[in-house]
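Letters A, B, C, D, E and F mark the chains in the order given here, with residues in each chain numbered from 1 onward.
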Amino acid sequence: MQTRQAEYFGAYRTIRMTRDAKGVLVVEFHSDGGPCTFSAQHHTEVVDAFHRIAQDRANKIVILTGADGDFIIGVDWNSFGDVSDPGVWSQIHDEGSQVLENIANIRVPVIAAIEGRAYIHSDYALLANVIVAAEGSTFQDVGHFAVGVTPGDGIFTTWSYRAGAGRAEAFLLNPRPLPAATAYEWGVVAEVVPNGQALTRARELAALYLKAPEVTRRDTRIHFIQPLKERIVREVGYGLSLEGASSAALLRSKAKNEAA
Amino acid sequence: MQTRQAEYFGAYRTIRMTRDAKGVLVVEFHSDGGPCTFSAQHHTEVVDAFHRIAQDRANKIVILTGADGDFIIGVDWNSFGDVSDPGVWSQIHDEGSQVLENIANIRVPVIAAIEGRAYIHSDYALLANVIVAAEGSTFQDVGHFAVGVTPGDGIFTTWSYRAGAGRAEAFLLNPRPLPAATAYEWGVVAEVVPNGQALTRARELAALYLKAPEVTRRDTRIHFIQPLKERIVREVGYGLSLEGASSAALLRSKAKNEAA
Amino acid sequence: MQTRQAEYFGAYRTIRMTRDAKGVLVVEFHSDGGPCTFSAQHHTEVVDAFHRIAQDRANKIVILTGADGDFIIGVDWNSFGDVSDPGVWSQIHDEGSQVLENIANIRVPVIAAIEGRAYIHSDYALLANVIVAAEGSTFQDVGHFAVGVTPGDGIFTTWSYRAGAGRAEAFLLNPRPLPAATAYEWGVVAEVVPNGQALTRARELAALYLKAPEVTRRDTRIHFIQPLKERIVREVGYGLSLEGASSAALLRSKAKNEAA
Amino acid sequence: MQTRQAEYFGAYRTIRMTRDAKGVLVVEFHSDGGPCTFSAQHHTEVVDAFHRIAQDRANKIVILTGADGDFIIGVDWNSFGDVSDPGVWSQIHDEGSQVLENIANIRVPVIAAIEGRAYIHSDYALLANVIVAAEGSTFQDVGHFAVGVTPGDGIFTTWSYRAGAGRAEAFLLNPRPLPAATAYEWGVVAEVVPNGQALTRARELAALYLKAPEVTRRDTRIHFIQPLKERIVREVGYGLSLEGASSAALLRSKAKNEAA
Amino acid sequence: MQTRQAEYFGAYRTIRMTRDAKGVLVVEFHSDGGPCTFSAQHHTEVVDAFHRIAQDRANKIVILTGADGDFIIGVDWNSFGDVSDPGVWSQIHDEGSQVLENIANIRVPVIAAIEGRAYIHSDYALLANVIVAAEGSTFQDVGHFAVGVTPGDGIFTTWSYRAGAGRAEAFLLNPRPLPAATAYEWGVVAEVVPNGQALTRARELAALYLKAPEVTRRDTRIHFIQPLKERIVREVGYGLSLEGASSAALLRSKAKNEAA
Amino acid sequence: MQTRQAEYFGAYRTIRMTRDAKGVLVVEFHSDGGPCTFSAQHHTEVVDAFHRIAQDRANKIVILTGADGDFIIGVDWNSFGDVSDPGVWSQIHDEGSQVLENIANIRVPVIAAIEGRAYIHSDYALLANVIVAAEGSTFQDVGHFAVGVTPGDGIFTTWSYRAGAGRAEAFLLNPRPLPAATAYEWGVVAEVVPNGQALTRARELAALYLKAPEVTRRDTRIHFIQPLKERIVREVGYGLSLEGASSAALLRSKAKNEAA
């Protein structure tokens, strides 16, 4: 089993994985080792990575985090190609819904450790059971309505699920940095810790959870994630189709403006 | 298209509609131009009005508001006739569920601008994506449990969806004015503004949303409203049937008491 | 009808029932008259008791409370027998889902009056429409993750429904006493009252609700509980199966450790 | 346990129960020992009876059947009182949804043995896992649309679930006797047997099922009934409210016609 | 009320409406009076027409049929414009889901009378409670997979609901004319009649249904359509988005081929 | 991409994969090259295999079939180990629900080609869009109730979805070989072909489907499978937990009998 783990741990250019002797796996999103700017390669790799993570029963707890003091800070738009091409968007649609299902199907407790900016795909973090956020960290959605695109990739579903629909709608329509303290008041963040301490605290919680038997840990995750998993399965595919249409419309209107 | 707009804008006695050059439609509930006391005529007109508003693609943003410093202040009970007659209630049932579906099917961003009393059909406001409320405004439900009737017309579904079920149940069973500030803490109201400024702020938000392409705006509304629309479709018809039975029971018990 | 009431009021060793002239039924969980430590006998009796309570139309309002200054304080583990025996767990599974459905099917307003510790089966209280809690009361889950078992019996479903999923997950994974004031902020508790006053306040609310006609009261409960009832029906059977597997795994690991 | 069984077996005037040494319980609907004409007393007794049957773990298999060569042949309308009184209908509503949930919650295999006419509450039979029907038996709905009432009490939900919605709608709107052979073609009836042999064949199937362990039998029932149980919980309460409104409307129109 | 009826009866170029003294409304799809070839104008007009039909309580029964011996025979593709333009598709998406909801919301019994070819939008017919089909009539889907487009506009949802998913998938993937007799065996068609007799038989059924009180008729429709309405609300919006993406892909691949 | 395909095609001992130049992938279940007897290794490998198949966009159509004239003929019970150990069952549970989701997530048309015996995991075949069955082929479930275990792994969900619940329940409780012709009548099988021709016909259908653009093919699969996928997500995890409890109970009762 060791061989196989080693294999997929090193299979991705955009995700760093380390696992301690207790089976606590830390999954770190990055771009060339620095803060993660989300690209098409990330988008493709997370699908496979989270499926393998979920299937590997040597993972006892999974911690999601970012690199270098941030969670995910932005998007490398060009890497996604011509998103108005239905063939291009078809792949984004399929990967985008699959990755959320794959994270939901990690059948051990998942903890998100947030430092700095969670500006893109905070939905990945909201699929954790518990979010630990540094006091200086902020949540925002810089990749959708702010740039003229429908927030359909799970960002609404997860924020609506954890913060309530009213807050989620206002947050996504008028995106501004949301402090960790507010996310805590909203019930999204479970614990606010000093800057730089999110991963440390996540490891403490992992140690606490490890006291329960493995079946208990797995079955607790299964039970807790089920309602959100069902919402993802019902809502995100459609959401991504709407987002694709809105992206194509945006490109068209830009092209028209440039032509004019 | 201008002709057609003009036509339905002027088709209702209880709803005033104005639309600016950008396509921001302001829908104002009123009674003879003053604060709106909800009558059977309102109940019938809103069904048709919101269907036409939803179908008219010249509407780019919809703002819901009340007249003369209030949202809706009360009910004109007599106008509804003998609600213990199943034929009479059948119409109320059908209109009552249809109107909520029609508002949900407005496929552009909807903003509610609340001043003063939102004492009746605050569910219409909670079908907006964002509620802007004046600091002196208050929410209450003076039309159901307070007068002996089951709150089944969507008031529970919408408050439960946006405020959480525990708060909604207590709010509806023991109805007292709920200040805008509390509704903000509950995640129902997105922004609290000085008295008299709700519509102004709603227009500012509308201008902000208009920066996104039209398909993006439409598809964002479609995506955001879907979970609430599904709850309305599942819950409100039954709720209105239960409300009808409770209304009939109330009239009977009053008749008995009077006879005695 | 008086005879029949008397009959089931006295049919249980673990539940005390008293009903006033207005039909307000107080249901008190106890152990030999003192604070309730939940045993297998409680587990079996609540199923039958709540079905009869629900069917008896002489009950106009139901108040759930505990004995002697506490709600429920702990579990008598031994009384449940060998929970790793599938036959034993089958009964726990069946009773565990049935009792929640039976409480949900009480078709009159239900109020929970909480004093002291609500450390076990606070899910029963969260099936009330309104919770009145003494300021010194605390909520906790001492019967699941804290002892190595999946919280699958409805405790997650009800807390998730009323407090939001993020709070529920953190609360159940790292169980510590939650003050009534925090439960109020979360929207779970409707009113916080001085210690010793929960039942008194519950009776006041009951008197208030009794002003509405009976059909109104019944139909309001039916309408309000429906979404939670549907979640219970979908989630709790599976949750109890997962809890059963985790319990069996826990016993096995303990047996191995002892053998070693 | 024997004493307790004896107790509820004899508790009902409209239901005869016999249980063999293997735990096969035969539940027979009757009217004074003859073919069952459904009355208000049946309606009340089935609720309690099926809850007790479901809770009694000495029942290993349950067979539903009618008396004297018929399943249920008609309705004793007068026994239900003034169904246009919301208080009267409230009880019918509550019992009518509760009984279907209670049958669904029988957590052992349920077999229906149908002889003669299944003209009322064939929905009870369709809650069985398997229906054995005599070749001369027929299904019909003489209690709803044929007499001017909405078929809302579960008859549509169960027929739609087992026969398909198209067939169910036509069957209920234009009710004529449906031969067992057609019900077999539709997938509703599992086996057609010679007249007089339905109960015998049901007992043979019971013996076959008894070869599986008890937990297997219980869990198979739980798994198989879950989708139908969820539909009942979602649909039947509302259906009964609509049926109540239609009954009240029918009485009103009759009264008007008589007055004229 | 007569005036108002007259108004919308004559408001559409593609739909002919006639209503008899009993309130039986016949809605006939046509193209210039002959067999209906579905165009963009039909697509827009049906939305408004069915909403008005549904709101007009003078309609007691609604019969859907085609003109001149056919139901709907084909599509006028050019009339829809450039469907790869997201703005164009946005309108098709919105109208396409709205029209099905509007038909579902006709709250009186709906009967479809099918002669000849039902080759496009047989989903409209499958939203009826009962379909009467001439023996020579055939069902097919010439507008989707056969021309390279995803059948996402409700055709799968309705056929899957009434015929079963397996039949619906094979029918739509390999579209060939399906005889009325087969549709009858599948439970989709309720009655097969001689050619030319479908409307006559539909009128007979209408007369039969009219014997029930109005509230009964309305509430029966409401109850029967609810599960299909919920499926439409959940499935068709997404289906239309997928269909839009597939249409855009088709046009692109044609353009490429032509360029090559 | 060729290298990567080659890699996973050869990664499994129990699944043979071949793909033609058009991208039609044939997936063949086998045991050492002969008819497939399902073992724990199959159970583990299908999870990974179907995820990779689904992610590999070079697969344009997927055909599922068995080896050597049969689909799947039996179970290698011993390979699964001590299924009464909750840790062992936990893995079966997780794999068992994951594999069905992974097949459902194959986003291109899936065809099942059935020869001979489909006696185990016919649910895999029922996740295809279309089933082609040889006239001599038969369906049965030899792995559940027949051996004393609850059929909870998706076999009920898929048969209920495609054949109707009544047929599925009878089929699974009293398992006997079901001829292809009957499965065709039930709407489960789309086409019956001469023995030995199933794969050939499946390839013909594949060629037909390939005429549609790729996005159309993918989006059609996505749309068609969605309702079944949602049922799997809701039902199968719980079903597998119930099946696990029943398996443990079976082993216990066997052990007792042997001890006696």
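The rule we apply is simple: contacts are C-beta pairs under 8 Å (C-beta built on N, C-alpha and C of every residue); 3 or more make two chains touch, one makes a residue touch a chain.
The model shown is predicted, which means the values in this text are computed figures rather than measured ones.
Enquirer: By that same contact rule, can you tell me which chains touch chain B and chain F alike?
Expert: Chains touching both chain B and chain F: A, C, D, E.
Enquirer: Quick check: more C-beta contact pairs at A-F or at B-C?
Expert: B-C
Enquirer: Please determine the option from B-E, B-C or A-E whose contacts repeat those of A-C, over half of the contact pairs being identical by residue number.
Expert: B-C
Enquirer: As a quick test, compute the distance in whole Å between the mean CA positions of chain C and chain E.
Expert: So the centroids are 49 Å from each other.
Enquirer: Just the number, please: Cα centre separation of chain A and chain B in whole Å.
Expert: 35
Enquirer: Return the distance between the CA-based centres of chain C and chain D, expressed in whole Å.
Expert: Taking the average C-alpha coordinate of chain C and of chain D, the gap between them is 31 Å.
Enquirer: On chain C, where are the residues touching two or more other chains?
Expert: If we look for residues of chain C contacting two or more partner chains, we find 86-87, 90, 163-164, 214-215, 219, 222, 226, 234, 237-238, 242, 245-246, 248-249.
Enquirer: Make each chain a node and each touching pair an edge, then name the shape: line, ring, star, complete, other.
Expert: Its topology fits none of the listed shapes; call it other.
Enquirer: Taking all chains into account, which pairs touch?
Expert: A-B, A-C, A-E, A-F, B-C, B-D, B-E, C-D, C-F, D-E, D-F, E-F
Enquirer: Note which residues of chain C are touching chain A in the complex, please.
Expert: 145, 148-152, 156, 160, 163-170, 172-174, 186, 231, 235, 238-239, 242-243, 245-246, 248-250, 253
Enquirer: Quick check on the complex: what are the chain A residues that touch chain C?
Expert: Touching chain C from chain A are residues 109, 129-131, 161-164, 187-191, 205, 208-209, 211-216, 219-220, 222-224, 226-228.
Enquirer: Mind listing the chain E positions that touch chain A in their complex?
Expert: Interface residues on chain E, with respect to chain A: 85-87, 89-90, 93, 234, 237-238, 241-242, 244-246, 248-249, 252.
Enquirer: Touching residues of chain E toward chain B in the complex: what are they?
Expert: Within the complex, chain E contacts chain B at residues 47-48, 51, 54-55, 57, 86-87, 90-91, 94, 98, 101, 105, 107, 214-215, 218-219, 222, 226, 229-230, 233-234, 237.
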